[in-house]
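Input: structures, listed below.
Look at the two complexes coming up: chain A is in both, with chain B in one and chain C in the other.
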Partner chain A sequence: MITTPRRRLLRAAAVTAVAALALSACGGASDDGKSSNTGGAKDVAAALKKGGTITVWAWEPTLKAVAKDFEAEHPNVKVKLVNAGTGNDQYTALQNAVKAGKGVPDVAQIEYYALPQFSLAKSVADISSFGASGLDSTFTPGPWASVKQNNGIYGLPMDSGPMALFYNKEVFDKYKVAVPKTWDEYVTAAEKIHAANPKAYIANDIGDAGFTTSMIWQAGGQPFKVDGEKVSINLGDAGSKRFADTWQKLLDKKLLAPTASWSDGWYKGLGDGTIATLTLGAWMPANLESGVKAGAGKWRVAPMPQWEAGANATSENGGSSLAIPTASKNKALAYAFADYATAGKGAQTRVDAGAFPATTKQINSPEFVNKKSDYFGGQEINKVLAASAEDVVKGWSYLPFQVYANSIFNDTVGKAYVSKTTLADGLQDWQKKSVSYGDQQGFTVN
Partner chain B sequence: MVATGSVVAPARKAASSSSHYRRSWAGWGFLAPFAVIFALVFLAPIAYSIYLSVYQDKLIGGNSFVGFDNYQQALTDPVFWDSVRRVGLFLVVQVPIMLFLALLAALAIDGGRLYGAALFRISIFLPYAVPAVVATLMWGFMYGNQFGLVGSINDTFGISLPDPLGPGLVLASIGNIVTWEFVGYNMLIFYAALRVIPVSLYEAAAIDGASEFRIIRAIKLPAIRGALVIATIFSIIGSFQLFNEPNILHYVAKNAINTQYTPNMYAYSLSFSGQQYNYSATIAIIMGLLTMVIAYTVQLRGMRKAL
Partner chain C sequence: MAVTTLRPQQRRHTSHSFAKPRRSVLLTVLTGIILVYSLVPLAWLLINSTKSQEDLLSSFGLWFGDGFSFFSNIKDTFTYDDGIFVRWFANTLLYVVVGAGGATVLAVMGGYALAKFDFPGKKGIFAVVLGAVAVPGTALAVPTFLMFSKMGITDTPWAVIIPSLISPFGLYLMWTFATDAIPNELMEAAKMDGASEFRTFVQVSLPLLAPGIVTVLLFSMVATWNNYFLPLIMLKDPDWYPLTVGLNSWSQQALTAGGDVIFNLVITGSLLTIVPLIAAFLLLQRYWQSGLSAGSVKE
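== the complex of A and B ==
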């Protein structure tokens, strides 16, 4: 910093410019799938026989063992597993590689909400012809619907996140509050808990795009509709309203802890009972076990509260697929690996390591369903979670630019958490900004 | 004599022009290491940014030349101007406070009446040695009204302080961090300027019976005017480039600090989450020009006053 002002200015300009340079790379057009092997299950078998090296970009920890097993089974194949970042970081890197036409991996982990962004730009290949079209009954309906778009299949589901209500039984017992079965009961429970202990909250929430969209999904909303390049966004539909109205009550009465998820305070609150519930995907138990040691024995799982008493609707929250970039030079071999990791033997390896399966076989196996969890006081938690996977509401889709939309969620809806803006207004603002981005990107929006 | 002179002259001329020619290439040779790096890390990126700023790359429709469309959009973009206004406000409030405190500290240490001046000097300067990221994380923790220092104070005294990370106060909280970080740095600039004032001036003032305040007003302040101008220009540039502090606090106060809080954050989120590299480059160029104009104006004004 001890420089002349001019040099500082220059440096600033240079840094910005270099960043821009690195980001957009050479701007060369990506080749739209001109690689030799474009389909056929036969190609896959041939590629396995021939062998070769494939690069896999993923951050999912259980894939390490899978890659090793795959190499052991196919000695001529080498799998280079690279952690190119988690979530958004990896997507940025992938987008840049695709744009530059260089360094594109053969397989990439892509979350369901981000997949449309890649499939629409044809950055990832339609893999139906490799054999994916025959996997209809292999995967659970929620994740399977998430990878199918515009009559194509753009990835193989790797894990899933059917939602459930995780709750701290100790807190509910202590304050004699019944575990809520509907969202109205949830609001009542929130009042009771907070009244009994002003430091305790039923949940933490400072505005989370993934959570909000999953809640709207469960409420039957379909705010995003995509038909090729035509997109419609309506964050004021019945489902969105339903969520906004109920959640607004919690905000108005300050019944939600203003703690960010995954922060130190969050882990602490989950352990000491000041955050009493979590409505999240089925991948959460492993995180609770490793991150909230103080909560051992206290937590339980219940079905997600309902919008209508007696219903059993659920939605998905998180989860990723393995997709094959269009620019991959060895798609058949890449598919062989993705298939092995998600539908083949790898699926079991990953479940054993703690992942929540997206395959019907694993999710229904007695060994999985009847497994007792010590952390959850011996509860057979997978029974609840597997049931949730069956009840995911159909017909949901994400925006083809959901990654960006989620990044501006707190700029818009977030205002409802810290000011007088209502959730409904925040959602309208989110819609407005998302529409304008969509227009800018050349979509026909609304 | 005349004849020889006229014969020699052209020859000398030729020789001198050829040696001049050679000399100029030798100069370029010495310049080359710098020139190459300068072109590579400075000129090329700027040229590339300008190139980027006249194109538009869409998810649907691809890349196309759009001339000055991006500039037109930026100049009428309320989001962009909001962020410019925000750093403008930051500039007119935070910079004077910071420079005043720095000046006060420098005068106190230079005054010679302070016991343990060296200790004061180093401890005021110390925050500057703390990386901005670490400083912001540290302050972010102190500001926390759940598990941070503010939360603890609230608990201990049973009071409810306003949330320093709420939308109303967060800009002031950032200003506090930046002030804490840079008071020492600016103090050092002023102090260095104060040290070079000839002692004879003070002796003369003492003989004339001038008070300490009179010495400050008549000798010290005019003598460090140049340093003041420099520090002001640094601070203006720093304010316009505000990025680290809000960007890190964004993770603990997402709803109060949006992704377009400052022009740099706007450019950052445009390229990293929006893939709008072209528009991002445009914003960067406009901000660069704006900063240059303002810094240059201050410099001209400061220098004119000095004369």
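== the complex of A and C ==
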């Protein structure tokens, strides 16, 4: 309808083409050691006094208000907020800029899953010395662990995505289906809903790397382990198997709507009841409210279904940090902004605008927890979501080349959604291709 | 046209053509299909620009929804995000006026010179121009990006304007047009009367070239107005986006957590984007038509 697949393809092709050319053309560019200030909280205060302009690459919409407030508080400082693309598009642009040594922003939004890729390549700076090392108790443990690597801190958590089950209550009531508490119940509910209305599905899924890894995470899997340059990938571990076995049942019985997330068809399905649940990060309510107005009053939030009855394990899905590229010429000022936007006053501004906090102060504030959402029929949804943030399974890590790995997800695991390949086989194929890419990149894999 | 002198045989052949056209069912159907094919997207755009975001997803695509939000959509399009749409509109105008206008000026001067003057290397230039017509602009976008990146002018309006100034097709068109449209005798006469080369060009040749100029102008205007790929890779700063890239960035908002889903504004914005192009065509079409038919009839 609006973004035709062809245009998206063209766009993707464009970005890849530029990336490839930039890589070959600028491969010889040397690291620039020009970056002026290297650390110290004093530098930050001095930079704020001195003022200047910083460029921020981010797609998160709530940052607009934050940037304005920041400029109002520090009249000498100008924040240039640039939307250089969402997710992958921006990472490609950022990598190109870093390689070319030109046009690198001072602050960049980077999702947690992608951060290791940039921190390991030293494309983003360790910001411990600017004052980040004193922020241990400021952020909730999950996101905070995601920005720490090898004793360094490579970004400040901007939001978080503890997972929950969003469901369309109207659909569950209409077909008299109980809201599932375990994934086995979820499969049963999927059968019931689809049997009652062949046009309705419990969820949509055409293969999504972020969702799959989050599900394996919750199931207790640790398919990716990173120790410096040594990486191990095991997408056949107990957690991965657990997920693959259950999800395979949904695939075999064709109980998942073949609709791409974020497409107009998806928004439509969420509104008219043909997509009955979403298992996603806590940032989803804002999207439902703005994109699925037809669902107002119908949606509710429940804890994520469990792999073992009575347990309360959850995982993270999405969420981003603000990182400071090594090539930034004004790191101190950049840090001042990142700090303001994530730990300072900006955190509240962003939560008020619908972002899900990564800060302990906001997530524990009674005002936040007890807030009733009209969209969710007056439910205190933040109680469920904040509880989920507490129960995130520990010990998960992403690959230092997760951006690439996720980009080949649809060519490997994605086959299970459209052919006779099983999910387990797809995961093995994904593992094989990721291992060989990691080896090429100079890691010691498996 | 000298119809009276036609021989009977020929007259019978042409008697259907003008006054009483012979109806061909096949042709009518074919034309009808093409008409529907070209009008359906426009109708879709028009119909859906009357729907709110909510209506858009809940109603049938090719008919009106429950509410009529056409005017509020237009208002929202112009005011959303501090009126960034107006800025994109102005950017597009800038790129079109400077880029397409400049391309036309260059094509007219170059085409005229190639048509009317003999100089060594003309055949070589002919080959290069013809070759350049065959290379799509999209293929050149990435190399141009790398070059501009070295020069440090990416992310500035120049990155979009400079490549738009080059229109091999326009040059070729002006070249062939000028060859036929300006009689050599006329130029000689002008020179005989003491006009300088420049004056001959401006006062004698330009008026004769007018239909061709309009054609080239329309072509390059449409190309620049719709240019998507080049600004997409050249520009990162939303303040310099043209409408095409800006609208796409609005559409992309739906793809992200916390993003404001504004499909209705994307559609209304698209409609507003094509209005100036349609207006330009309607206003300039009579020049264009005379341009296309020029030289086809011997008077």
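General remarks:
Heads up, the rule we're going with is that the second predicted complex is superposed on the first by the 415 of 446 C-alpha atoms of A that agree within 3 Å, B and C clash if a C-alpha of one lies under 4 Å from a C-alpha of the other, contacts with A are read in each partner's own complex, and residues count from 1 in each chain.
Keep in mind that, in the parts below, contacts are C-beta pairs under 8 Å (C-beta built on N, C-alpha and C of every residue); 3 or more make two chains touch, one makes a residue touch a chain.
Note that the structure is a prediction, hence the values are computed from the model and not measured.
In the superposition on chain A, A:Q441 contacts chain B only, with no contact to chain C. Of the two partner chains placed around the shared chain by superposition, chain B is the only one that A:S419 touches, whereas chain C remains out of contact.
Contacts of A:K268 after superposition on the shared chain: both chain B and chain C are touched. Of the two partner chains placed by superposition, only chain C is touched by A:A100; chain B is not.
Contacts of A:S128 after superposition on the shared chain: neither chain B nor chain C is touched.
Touching of chain A by both chain B and chain C, each in its own complex, is seen for residues 1-2, 10, 14, 17-18, 21, 264, 268. Looking at the complex, you find that chain C touches chain A at residues 53-54, 57-58, 61, 141-143, 145-146, 149, 152, 154-155, 229, 232-233, 236-238, 248-249, 251-261, 263, 266-267.
Chain B meets chain A in the complex at residues 41-42, 44-46, 48-49, 52, 57-63, 128, 144, 146-147, 166-167, 185, 230, 233-234, 237, 241, 251-252, 254-256, 258-260, 267, 269, 271-277, 280-281, 284, 288, 291-292, 295. Only residues 1-3, 7, 10-11, 14-15, 17-18, 21-22, 25, 57, 59-62, 80, 82-87, 93, 100, 102-103, 159, 161, 262, 264, 267-268, 271-272, 281, 283-284, 286-287, 290-294, 318, 353-355 of chain A touch chain C when the two sit together in their complex. Within the complex formed with chain B, the residues of chain A that make contact are 1-2, 5, 8-10, 12-14, 16-21, 23-24, 27, 29, 88, 92, 95, 117, 120-121, 206-207, 229, 257-260, 263-265, 268, 400-401, 403-404, 407-408, 410-411, 414-415, 417-419, 437, 440-443.
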